[in-house]
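Two complexes come next, and they have one chain in common, chain A, joined by chain B in the first and chain C in the second.
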Partner chain A sequence: MPSVLLTDSISFELGALEPWPSDVKLYQPYEVEHILLQDQANSLAVQVFLRMCGLEFQVEMRSNAEHMSPSGKLPFIKCGAFVVADLDPIVSFIANKGINLTDHLDAAQKADMRAYMSLANNILGNAELYISWCDENVLNEVTCPRYGSVYSWPLNTLLTWRKQKQVTKKLTALGWITKTLDEVYEDVDHCCNALSERLGNHLYFFNDRCTELDAVVFGHVFTLLTTPLPDNRLASIVRSYPNLVEACQFLEKAFFQKPTANTTDGDSDNFN
Partner chain B sequence: MASNPVMELEIWKGEWGLPSVDVHCLEVMTYAKFSGTPLKTKITNNPFKTPHGSLPVFQHENECLTKFGEISAYLRKNNHTADFELSPKQCAEAFAYSHLIYEKLVPALQFIWWIDSKNFIEFTRPLYAKLLPFPLNFYYPGQYEKHAKQLAMSLYPEEDDLSVIETAVYRQADECLCLLATKLGEKEFFFGQSPSSLDAVVFAHLAPLLKAPLPSAALQNHLKACTNLTRFVGRVLQRYFPKEIKDHEQAERKITKQESEYSDSEFPNKLRNISIAALISLVAMTAYAMSTGIIQVVPADEGEEED
Partner chain C sequence: MQTAERNSPETTAKTADVPLQLSNIKALVEKINVEGLGRTKDDLVIKTIKELFEAKDFQQVVLKSQEVRTKLEKLGCFKNVGVFIDTSKGQDATSSGLEITFTVKELKRVLGGINTLVGNNEGSLVIGSNLPNTFGRGEKLQVEYTYGTKQSKGFNGMFVKPLHNKANSILTSSFYQQNSEWPSSGYHLCEQGISLDASFDSVPLLRHSVQWEGVWRELSCQSRTTTFPVREQAGHSLKSALRHVIHYDNRDSAVFSNRGTLFRMVQELAGLGGDVGFVKHELTYQLNVPITNDVVLQGSFQGGFMKRLNDEKMIYICDRFFLGGPHTVRGFEQRGIGPQSDNQALGAQTYWAAGLHLFTPLPFKPGHGGLGDILRTHFFVNAGNIDNFNFGDNIKESARILTDRYRLSYGMGLMLRLGTVARIELNYCVPLKCQRGDRTHHGVQVAVGVQFL
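The block that comes next holds the complex of A and B.
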């Protein structure tokens, strides 16, 4: 069976010939009781990106979304005959159809944008994983109940244990497992500082027009602000950068105007 | 631990004109040069006694640090920084680009060094076997290979085939090199005329890739094609590590001189050896011929008749 990573490039070439279908679906875990920090951040990023491009889609929630995804990453979209997972492949897929948000950027700005996206994914994404799976408090009170909520016993215990092993292995390989919680918070603070410096007093990162970077930062900031955790230090760190919060609120009003059950938590005014 | 008033760094030895073969050691050494820190380097080639089983290890007073982020933060606290000319926005960019390298280039470097079988067997394992003392040279290369494989597997959990992961990882690394080349442009350093922490990080990751004699060199060739990055690496080496370049050139000259001397030295003896060999063979053949009677030496009076 051809691999996902190689067929991506083939499918993009084939997909370029077809226009955007009207029945595109975005698959993610259940919003209210199942989804975890990093998956929610990624899902919101993809949703807001698709809305920025003016592309129609529907959100479908499935308990086995993670296992349906071709590369294991969430969210994934089903577009006609193609299934594409994770933001970067989705952006490339849509770019092949001639739709992208970075036409107004020159080469140096594109390089800057990719660098800041790496920063956000590396630090905020891995911090979300660390806090979900390596902090005992959050693991026992939030992550295990949520991850196992869609399965019956003993499957919920086994699958949660297996996922924890997988995440711990990844964080070990990346060198995050040796960090203390304080160091993780410090890294998040440093990252938010860098993003805040770049944003300045604008609402978008580049040329007052939205790009993938705005989508990624929106996904992470919104998730960190609106997810209740036993220790709210993450939310307070993000809140200490008012320009990031303001940009996030602006994007939420602009692209998620109708509070539907499918998209956000419905807590559009939950930035307290 | 005894308090150490001098800043000391334990590192891996350098080869190919570089001050060290290891990326992390190079990061710290280059940052120290850029920030003017009086850092004393000690070539130990021995990760056995280190806190985390890896080099470099930075020691000063009672501090013992191993990660570049921690070491640069410590140096900054002690007023040794390479980023004093950068605006806050440029500092943010430096931070972002460092993470671009960690996300997109580091997996490829790990792949080239430890997972690519041709490179591992013909280049990496012999290199570390030479550097490490016995019996550590049986243990550490295997450990590093295992870590590299774990990194590759954890980044692509649904893929079992390493060659597919290889393609994806190299594609990301190519993209990263192009982005770095775009960012550097025709400037001397990434943020103008003087080097910063980002220059240290970029140099540390590109220099081994550029200078190592890798058998399987696809990414190395792509880097060589980015001429501004190649010139950047050469510039940093020439300005901040001139001694290592000179030592390397001297060592290379010595090796070629030894090789030519060895082949020259045969020539004066060759003729002598050939003539002695010819003489001996002539004497031996004559003696044999005489003993079997092919040649008869007939004395003046009657000799014995042969059968």
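The block that comes next holds the complex of A and C.
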């Protein structure tokens, strides 16, 4: 049997030969009662990226999306015979077909963009994980009911407990588990500060054209602003950077508010 | 006076000629001793040996004590049982009284072992330990760890309580974890569950089992190339099911049968709790007819039907039926018949399979006691069909649907017996009829296993 690495590179090569099919689907957990902070942010990032590239797709919600994904990461897209998960692999997959958003960037800017994407995903992504799974309040009131809502008893308790252990293990390895909630909020604040400074008074991060970084930041900012949590400190931190909010609203109007036949999810809520 | 002194020659001659009739000797069992009891409870022993008191003559005593000895050995408490019959002694003894002593050797408290196990196309190593006669009434507590050749691993812990009644009832409760790989469908399955079982004989040889099983299943894709319909089923599911099994087997041997029938029917209702819901019926029937001394004709049939319980509960791929392979319809790859996607089997809800076999001894007839006992030649015709049929109310129409696109194969081969439970088959198969999408195997197929069509 060929090794997995070889299969991946072969599949990408083969994928490059085919045009974008008309029946591409994006899989994620149920939006209203199931999905959690980090998955929502990642899914929105991929959705807005695909729309930025002008590619058609449909959103499919499944209770077992996390287990269907080949790498365990969400969201994933099914494009013909290929299943690709997570934003970076999807960006590479689409780049192989000759579509990308970073042609207008020089090497230094590309490196810059990667650095900021890494910052956003590491700080905001891990903060979302921390708040969902390590804060007692949020864990009991929001995360456990949502994560277990698709399973029957006693699986809902068992699986939620198992997932919590996995996330705690990951955060321990990253050194996040020892942080207090206040330290996490501080980190989010610093990160938003850095992003806000880079954005300045533009609507896009680079050359007034959208890139993956805009997609990633949109995903996180939109999620943090619109997800109701017992403690709304996250939302207020993000709101204190009006240029980030404005860029997010702009992208939402541009790519989500038109009622198109492409989406099966409920259209995004407004900010409140 | 003469008459008193003389010994009549006829009487002496009579007592010398008449053979001794055990059934004419009046005997009564007055006392039964059981020596060697430790933790075995008295009431169980008394219940088993009680019938010995009913013996009225010596022949009955001898026969019954053998029966009681066998019963004692089957209790699951003792290793050896010895019988000693003596005339009764002591104050209350009568002239025809007997005293019987059973010498028993109790099983050790803890037993362990390493065994090998043969399954369908798989061998496993079993390391286990058990506590026989745990509480004194023949119960058994057993823990086993299994490691198989196909990377399947599992362990189970089981507590068995026999009730020692006429119906030979046994209550079993167990918990288990089983990992298995199914490359023909592209998934890996991890099952963890609890099961409760009550088995009894309603009439001799007809065994019923009523079971409840609660299983947590985790299905994961084996590789990135697993086909999407199977990938859609990945994840966790919980099955809570009631099952009823009827089993009747009067064949002289399960492996190389010469005569007898096997009948087995399983009915399962899943859906009392959990997210899996279906009603499943499955039937196995086998009839062996000896034609001459060494030649046996066997007809066998298997069939199954399942239906989803309601709209809220689902049927997963690991619940469905599969067909094809060296253990079912030969001449096809494992799970090679029926709905497939990218050469991976998806399974279906209804199937039937039938086989007609002719077993003959080896052509050069090596005779008994050698190769002839464990080797046989085998000619077969297998047929079957599997799909998600939509049956209407019309029986004729349903029968037509079932037989419409059936598969057929024939061939011949050699069978080698492994002990008393398993056999190896080496067959040359020719698939005759198949449908588009089936994965056929024209040529030699080897299989090891316990159960064959």
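In the analysis below, the second predicted complex is superposed on the first by the 254 of 272 C-alpha atoms of A that agree within 3 Å, B and C clash if a C-alpha of one lies under 4 Å from a C-alpha of the other, contacts with A are read in each partner's own complex, and residues count from 1 in each chain.
In this text, a residue touches a chain if its C-beta (ideal position, glycine included) is under 8 Å from a C-beta of that chain, and two chains touch if they have at least 3 such contacts.
Since the structure is predicted, the reported quantities are computational estimates derived from the model, not experimental observations.
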item: Simultaneous placement of chain C and chain B on chain A, clash or fit; value: fit
item: Computed vertex angle (chain A) for partners chain B and chain C, CA, steps of 10°; value: 90
item: First, second, both or neither for A:70, with chain B first and chain C second; value: both
item: Contacts of A:119 with chain B and chain C, given as first, second, both or neither; value: first
item: Contacts of A:173 with chain B and chain C, given as first, second, both or neither; value: first
item: Touching partner for A:189 - first (chain B), second (chain C), both, neither; value: neither
item: Which of chain B and chain C A:31 touches, first, second, both or neither; value: neither
item: Partner contacting more residues of chain A (chain B vs chain C); value: B
item: Smallest separation in angstrom, by C-alpha atoms, between chain B and chain C in the superposition; value: 10
item: Shared contact residues on chain A - chain B and chain C; value: 4, 70
item: List of chain C residues in touch with chain A within their complex; value: 216, 219-221, 223-225, 228, 231-236, 238, 273-275
item: Complex contact set, residues of chain A against chain B; value: 3-6, 70-72, 107-108, 110-112, 114-116, 118-119, 121-123, 166, 169-170, 172-175, 178, 190-191, 193-195, 197-198, 200
item: In the complex, chain A residues that touch chain C; value: 1, 4, 7-8, 11, 62-64, 66-68, 70, 78, 83, 151-155, 158-159
item: In the complex with chain A, residue positions of chain B that touch it; value: 52, 67, 88-89, 91-93, 95-97, 99-100, 102-104, 147, 150-151, 153-159, 161, 164-165, 167-168, 175, 179-180, 182-183, 185
